[in-house]
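Below, chain A partners chain B and then partners chain C, in two separate complexes.
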Partner chain A sequence: MPLVQTATSVPVTIDDAKCIADKGCTVCVDVCPLDVLRIKELADGTKTAYMKYDECWYCMPCEADCPTGAVTVTIPYLLK
Partner chain B sequence: MDEILDGLTQIDCDILVIGGGTAGPMAALKAKKKNPQANVVLLDKANVKRSGAISMGMDGLNNSVIPGYATPEQYTKEITIANDGIVDQAAVYRYAQECYGIIRELDGFGIRFQKDQNGEYDVKKVHHIGTYVLPMPNGDTVKKALYRQLRKSRINVVNRYMATRLLTGEGRIAGAICVNTRTAEFLVIRAKAVIMGLGAAGRLGLPTSGYLFGTYENPSNSGEGYSMAYHAGAGLANLECYQINPLIKDYNGPACAYVAGPMGGYTSNAQGERFIECDYWSGQMMQEFYDELQSGKGPVFLKLNHLAEETVSEIERVLHIVERPTRGHFHAGRGTDYRRQMIEMHISEIGFCSGHSASGVFVDDHARTTIPGLYAAGDMANVPHNYMLGAFTHGAFAGEDAADFMGEVDFAEFDLADVEAERARVLAPTKRDDGIPPNQIEYKTRRLVNDYLQPPKVTAKMELAQKRFAEVREDMEQGMVARDAHELMRALEAASILDCADMAASASLYRTESRWGLYHNRVEYARDDENWFCHTLLTKGADGLPAHEKRAVEPYVVDIAEDEKDAYYKQRVDASVAAE
Partner chain C sequence: MTAIFEDFSDIDDLAEGLDDPSAGGRIMAVIELADSADPAAIPFLARAIADEDAGVRRQAAQALTDFDGPETAAALVGALGDPVAEVREAAALSLTELKDPAAGDAILPHLSGGGDFALTACLEGIKELRRPEAMAPAIAALDAPAPAIRVAAVGVIGWLQDPAALPALCGAATDGETQVRKAALLALGFSDDPVAQETLVAALGDPEWQVREAAAETLAKSGGPGCVPALTAALGDAFWQVRLKAVRSLGKLGAREAAMQIGPMMDLPIPNLRKECAAVLGELAVPETRRFLDPYADDTDPDVRKNVRWALERIGTA
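So, the complex of A and B:
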């Protein structure tokens, strides 16, 4: 059974302009109980956090603990 | 990160605590306090700082027994009645006697509890009979306060390792096998005692939204506690007594009972009429809720729009900030406002959780399971209606007893072949190039749970469930694929979810009577005290399938009068009151 990619919208967004992953911050990645956030490199070589897996409990430690207020948690579309 | 690496490390400790949510941290602290020389490891699949049911905090203690408001005898009686008498009272009674001391300790950690003008704890009545709910005005600090204590006591915290199997040998516990959730590397931990606090089986049924992670429970609690105990040969009690909760529809978070109830909010039908006298969660209450939904008077709502502005603001302040702080976002998105309309509620998917219901790994009043050296506490152990304070208090019992136990034994020998077999099982999905991804295995299992196991329970449906689960198991064992370490974690979770689904079906078929209201409503059978006033104990049989036996309820510590026994069945508001 071959695999395909099915698109899904994710409930958590990160404001690249505010995110200081470049300075070594990984707080949101560290605290998420579902472990769904990761750090990636942007086109300009700087780093930012992002939601890699659509497996969210909309619980909010990521937003509450981010030192710069870069994270916004919304309700996953299926239950919104 | 997430790349699959090949590796295996072995470490030793005196006491291994699995699960750093609520029960686990308290167990680790108490063990270390009792034996400061002990090497205590606290291991979690997530990060202990923000893991488990209380990751963001908690609104209050739902079941506190505070001198002046309630006695241990009253509490034990109420919990026995709420569970149709199937309770070994010793564990409940010991909790009721000692939980006040735990509250004082938590207070000392910096967690504040609501007090009245006289500085006395301000306890609220929510239960059918007694008064036990104590609000926590700074409930959002619980995890931070606990973490500070763990640091101070020099507990070794190991994050992002998922326990997958227990090791046994010489007839007792020997340790556990764990897998790193970001690299798939193995960690084998030898321990003289193991305490499990892995929480509820929160991803058993599928939420009506269809979103796998839109559960009531923290979805990182996916049933490994139950599955590991089962495969190690421990007994699990009364698994047919499911958890089913009355929740905000779709959001799937708690609605009102413990916060809004004491302030005048209540559960109503579509006509705005109250139909249950008491919003405390029980199987009997859930049956009334279900009946109302079916009656044509549904759906059911949380009603606050009759309350004064300052009361509603206060309710919002608690409900939208502490436990599930996205609740405000949800209402904003729907355009619903407590002041203007009632909020639609619904029945949750099924799960296992003694925190709110009663089933789980069988334990005694020291949190000992049926395997020497193995303990369980919190939502996964079978002490009924345990909630947060129960997790803390029984976690404390486990930690203290384990500190004694480890002094009497050395490491138990285990069979190295068990580690090899587990390695092969865990890594199988990583050896395939294509196949079925874990989310599809999980979705199908959970969709079948809803189709066939959600009460009211019907024999033929549950037998069909067993057949279909066996097909899914075959697909999982032969064809599941995981492309990175994160997917592998989900694959291992899918396996525990399927184990729990099998146990739920099997346990429900074994008890041929109805009990606990909706939780075990078997439409073909009435309640049968003559044959079924007992626990059911599920173990792994010689054929690898669940085996069952009856276990007598221990003689009561606190007697229940004949005319009190059915108090929880008298929940329905009579028509004259409802019309007011």
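So, the complex of A and C:
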């Protein structure tokens, strides 16, 4: 599974301001069937989810189940 | 969401999180309470559904999907008046997941009056609970101006399957709204009363194809030999969806007299229809229809081929 090594546009983006991973939430990580999301620690010590592996299937549970609406999945135009 | 080997703490410990000063912390408490699957969490979730933060309220309404009973229903019904649409919608969705008939105690008082959204949600919530007390308010709701309420009311009446409600359902089958007529016709499936059959046959002439499709489909359950001519006429409907349901119903009714009308439909370019025709011709097993099936033993669609082979075998042994 390829690692995302450089800054690029990824399908799953997380709004750090809304993410409550810091409170122990791992809903998006748990529901992802491809296990592409992880929790990371930010420079200020808080935690947030992020897309670690670029293998998204656009199945959407991460966006649908996020309790704070922090996750956005951008579906490529040709898949819509 | 639930970790398999997670060791849940005492409910009271989990509920302490509902006093967290941050909304995120309270949301996590709601998730953990829901994951506990312990009915003791219901009062705490009912409290969270009145939280000052809309995100917490929405999560609580969503979390109550995993629970049942009157207390859950009461909390969800209360949330139907929430100022935030997402919370109301989550509560309405959770109401439809209730399965314990006792939960209906909290819903029944709200089946008359209230806003359109709350009334629709309450009708949809009580539908599968099959509470006979819901019949009268549901019949009254058939006069509501909002089509969504009338559709939900038809659902309640249909699930109760009470012959006494037949006049109400037959009335709804001529409603001005397509979705209401369709729901009413599908709900008539429990009855083989001649009045139900007449209503269904009349609906085969409805201007909307979805309604005609519902009528043709339901006649498989409610229809009798008297409905065969109308279903045979529906084989010439302009919409293949209606024709498909008519074919299926004729098969279920064992209408061998319609076999020679169904046979030529094997030439139509719609694989779904050919598949259904082949299956029904096999069920009816009329030897004269073999000539319609033979050319399709090597159809491009595998499902059609399979049904044609099966039908030819049945006809061969008939």
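Definition applied: the second predicted complex is superposed on the first by the 67 of 80 C-alpha atoms of A that agree within 3 Å, B and C clash if a C-alpha of one lies under 4 Å from a C-alpha of the other, contacts with A are read in each partner's own complex, and residues count from 1 in each chain.
FYI, a residue touches a chain if its C-beta (ideal position, glycine included) is under 8 Å from a C-beta of that chain, and two chains touch if they have at least 3 such contacts.
Only a predicted model underlies this, so the values are computations on that prediction, with no experimental measurement involved.
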{"item": "First (chain B), second (chain C), both or neither touched by A:Asp35", "value": "first"}
{"item": "Partner chain in contact with A:Thr74 - chain B first, chain C second, else both or neither", "value": "first"}
{"item": "First, second, both or neither for A:Ile20, with chain B first and chain C second", "value": "second"}
{"item": "A:Ala43 touches, of chain B and chain C: first, second, both or neither?", "value": "neither"}
{"item": "Touched partner set for A:Asp65, first chain B, second chain C, both or neither", "value": "both"}
{"item": "Per-residue contact with chain A, leading partner among chain C and chain B", "value": "B"}
{"item": "Touching both chain C and chain B, counted on chain A across the two superposed complexes", "value": "30-31, 65"}
{"item": "In the complex, chain B residues that touch chain A", "value": "1-2, 46-47, 49-52, 55-56, 160, 181-182, 207, 209-215, 218-220, 250-252, 324-326, 329-330, 333-334, 434-437, 479, 481, 486, 489-490"}
{"item": "Chain A-touching residues of chain C, taken from the complex the two chains share", "value": "1, 3, 20, 22-25, 27-28, 30-31, 55, 58-59"}
{"item": "Sites on chain A touched by chain B in the complex", "value": "1-3, 30-35, 38, 52-53, 55-61, 64-65, 73-76, 78-80"}
{"item": "Residues of chain A that touch chain C when the two form their complex", "value": "20, 22-25, 27, 30-31, 65, 67-69"}
